[in-house]
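Look for chain A in each of the two complexes below; its partner is chain B in the first and chain C in the second.
So, the complex of A and B:
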């Protein structure tokens, strides 16, 4: 193939209903790592990858799922605009074989648009399990485009898909008139087509006249706007209005009628291609759902599942965390200090600064990885939508739909994707509310802080104390949502519409990919932001207004108090944090934790020093916290500010005003709540 | 209609046995909750542990509901036995792993791990009952599998 062709790039878009396997196909085609998960609405922005076929370089675009070419939520708009406006050279319509009606509705919409398309009939393995066999050759005849059966997760059928992409790269025409709308409407369509030809010929260079006509008759706001933007467009619209009025004498609700005609056609197609090889009956998914989405039993199941996932991550990782801590803070630290050839300042920077600071954070790697494993399992098995369904009733009392639970659960991993995930929420006010409470989801970066404090003070009850942070996290998110929905983004829950995907056995390769991707982000953060933060804090602790204090500053409290860090910390510990009973070191930790919450632990490790028994032991020995001030501290860290990355995301999703709003409300809420805890502690006589 | 799908005997067996276990789970779960206040309840098997107790009660409720719904809704009844015993077995696995983890932790920290603690951990209610449920699970699974295939 010529270089020109490669340069120009051949663009293939993946389109389909949510949860049909677009991202899975994308990953297999491009070797990419698009996020996949077993619930509708995983992908919320377009993702581009490349596929080399012979010598052709194909640009593959993964899109969010859509049900039709009329878009409601932000993610849908992204997909719709790409298909309609950007004219990809080829559209792979990913059809979910277990959900043919919905999928075909979208397929027909895309074909009506005149796109050069092929159909990937995905998830045929699941369809077969349900006793369904699909005659894909017949489907191909009926739609007038090639159809390839695929199983995205195993890669079966993808070779054929690639072959077809190459073939269709030369172009291909779609059948535009698969659906017959009945004589009256068909005549009207013809009339409008004529109108378009004579009034806005320019527009027809981009879109087929039949498609524009159909959309105009359906009174599609977007297409109306498009037509109006051309000279002569206004006249067309006026004429269409007249034609519509005429039609409505015979057909009352034109839009509904046309949708019904499409569904009739789809039923016809489905009937002729689907063969039920086993009698239809109860599936595993039905059976499980009868308990898991049961009003009462579902709640019991959710409690059991979530509690076990929690134990799995937190208890089983303990020995590994301790081992890491021993190796890093014990052996590695001492080994570096013992190296004779290093100048003392460098040894201190490496051992007391980097190894203690970054190392203490890294020692939680086993916990964090196992937590990610649990999260990936939850996402892939298909249980997320069931949790959403179960909590919907409760959430609606707070002005949210059950859907909001998905960003919150994702937020337990990291708040950044959580804020993005709110794009899938249709109602604008509800989406903004969800994005603003997402930082309250207690992310994995806060885990090291909880673990350190909880093990330092609460010992045996540490697990319960950490678990209580999750309860606080959800409770506060709901309460803030309630306030926001009452006073700022007024409105009530828009209700719960969400498809329940079938349960699938999570695949080890996908689970481990997802676990590794999240872990990689954590490691990258440790090697960059946390590292820089830690070095900076080390510098602030060994220098002061009187210059270099010497590396001994870190081991002598009097000297350390006169470092920059000491001065800075005291400004806070003797003023705003005074009523909370936190010392200056803790105050410094909080200030820098603003960048990334792991730095809280890193800072404490530098300023208090870590022995081989780990940071909790040191904190316990030094009596840094009482149970009350410690618990208040954990709560404060949970709430006080979204990290810098989350703030940037809120800014790009909602704008600077809302970012500042999130920052302010969180600071105030955190402070007041910490104060309440300390006050309450005094009241009942625990100090 | 669906009564004909399964041998009634087998169905009854699964339901009765899992509901009976459900009762035991419920009792031991309640014991765990009361262990703090009443010494009668505090045993090796049910130490005062809120998390464990809540877990036991949840599993117990699901298992027990199997018999309550048998007449009304066979699917729900079977599903309760299945989900309940699946959760019960998972709870046991997690507890055994957790005991193993604690044991490893003692080794890493250079402490000696009492045999007594090990035994207590492995005989805690969620583990202990789980061993029995592990024996029951294959039967429940087979029954449910038959039901799903036959009716689908």
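So, the complex of A and C:
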């Protein structure tokens, strides 16, 4: 028993096909909060956590999913490189029991690499529901590595998994020759192994010679490059070329042949470990898909599903938003102003600045959490891939594959993960296009702005008007994509290939975790960026070139016009925004909304003041907007600039040039569109 | 022999040949779609993507959606 010092960190990687439950296992092992969801490609970056087992500190690494050791998309490259190049001390191969064939294909590739590995046979609960039971001990014998059955979401089997990790921490080797490629190829492999030993012995310190030989015979570009980087490598490649040519006299398509040998082995394994315990029947997934992916019914159901989720979020939250608004902007605000012991400037800062500014944003919390609930449900039930399938035909006309819709839907929550999610798109041109249109997905931060304006002007039609912003959002994203694909990121797409996992009933614990994680980010933003933003705006409003204007500035329009905020706003409202009919207060709101779009609402709340009926009522009373200038304003906020966090993400994913590009095109597009709406309004005389 | 893109929804087909670059081949193979395999055409949008399920005697794998571009490169025969 030693509590003194832990051993040097020991690295365990989680590898497996997409959607096999790697992140779920990671969360259970490390207590982490890796994002999970029921579609392939949720994890797009490696994530590290620690697990303490007795006196051993284990570094657990969650990886993106891969189908094989040849990588196509950025996320796959991250996973592949980690497994192949970084030599983790132990690889936990997560095998999806409902996707045995593909899981084992990857498992064999990893075992061939000679990694110290164990297998977590996950999702055995779902496999049982589908009527199959798996003999995991037999699987362990056949693969030559330990196998533990697990159900990641309930944590069942994870104790055994931990025990195994500890055991294998001492080391362990995989069997390298599970697949026999037949005499001809096996002889060729031996020949290449000899070649490697005599020509590039250094290389063999890192990788098993059998693996390199197999990859060379399959003409794997990456491995060829690797071999060539060593002195004597060119010689090897020339010789391999000769050996391949010789083999091809007997075996026409060598790659196909070797893949087939692997699958034969896999089928042999699967046959001997799977027992059908229930007759195959029609599954829920088949039943649902016959409607939800039907070429006509599917589209209607998608519209119905999304519309219902939208109504659900609105109907449930509206009374709470009103209540929050009354409590915060009414009672709390007045109570602070009434406190006799506070100096007037402090009371004003607290009440007119912070409570009005941050509070108005926070009053939309119920709507935003309900929206996050809907999003989590969509993600976990398995519908995302169906949406991707349904839109693929239309999206392909715009030079995108259906997969691009996934980042866009995620973007409705927040644009930052949306930009990241584009990593799962294989085609380079398509991926860049997707990352640049992702900021057009109307994120939850813009929702409060729409709500305030829509309720101020459109009253009963507000719901429809807000919904129209989503239609604009997708339409504009597609049109910009079309332009980008035509002029900037040219080239035909590599096409759409995507697994469609079975539907699962989302688990309340996972849904609420995801809802809470997103809500927490919103709250944290309210407590930091938005708070600082509104305090700054309050300062700009009570001071001016003539010094401190007094706290009355906020209630006296004449004084306020002479504040810094007034001056700044008028620079814009009397120039570029003049044709759009927005006053100086609105202009100030837009300027600071660049930091985070919620600040638009916060700024308006400070500059116009909020009564207990809420900001929309105030805006309506003051006739700040006409229907035309208001709608133009909503559109402008939808488009005009990505928030600072999104810009930073675009920069780290694509570089500064593209970040500036995104910023510029969005500003121009926003302005032109707002101008068009106002112009059109004048034309038909609605202003 | 016809491209998968023009198969009949609900039909059972065998893959005869796959055209296209190495990348497409390797990606499809790692999903188990390759010459000789039996596929069930689950759903199909004319001029759009198709959903297939790999048929073998050893239990289910998740279905796979393939875009029009790729499904015109996979040649199949109805069985």
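Everything below uses one rule, namely that the second predicted complex is superposed on the first by the 677 of 687 C-alpha atoms of A that agree within 3 Å, B and C clash if a C-alpha of one lies under 4 Å from a C-alpha of the other, contacts with A are read in each partner's own complex, and residues count from 1 in each chain.
As a convention for this text, a residue touches a chain if its C-beta (ideal position, glycine included) is under 8 Å from a C-beta of that chain, and two chains touch if they have at least 3 such contacts.
The structure presented is a predicted model; accordingly, all values stated were derived computationally and were not measured.
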Touched partner set for A:130, first chain B, second chain C, both or neither: both
Partner chain in contact with A:496 - chain B first, chain C second, else both or neither: second
Which of chain B and chain C A:300 touches, first, second, both or neither: first
First (chain B), second (chain C), both or neither touched by A:282: first
Chain C versus chain B, contacts on chain A by residue: C
Which of chain B and chain C A:270 touches, first, second, both or neither: second
Which superposed partner A:597 touches (first chain B, second chain C, both, neither): neither
Which superposed partner A:319 touches (first chain B, second chain C, both, neither): first
First (chain B), second (chain C), both or neither touched by A:463: first
Set intersection of chain A contacts, chain C complex versus chain B complex: 130, 290, 294
Contacting residues of chain A [partner chain B, same complex]: 130-131, 278-284, 286-288, 290-292, 294, 296-297, 300-301, 303-305, 307-308, 311-312, 315-319, 322-323, 326, 463-464, 467, 613
Residues of chain A defined as touching chain C within the complex: 19, 67-68, 70, 72, 98-102, 105-106, 130, 132, 255-256, 259-260, 263, 267, 270-271, 274, 276, 289-290, 293-295, 385, 388-389, 392-393, 396, 401-402, 426, 492-502
Chain A-facing residues of chain C, complex: 22-32, 34-36, 42-49, 51, 54, 56-70
Complex contact set, residues of chain B against chain A: 50-51, 54-55, 57-59, 61-62, 65, 73, 75-76, 78-80, 82-83, 87, 90-91, 94, 97-98, 100-102, 104-105, 107-109, 144, 147-148, 150-152
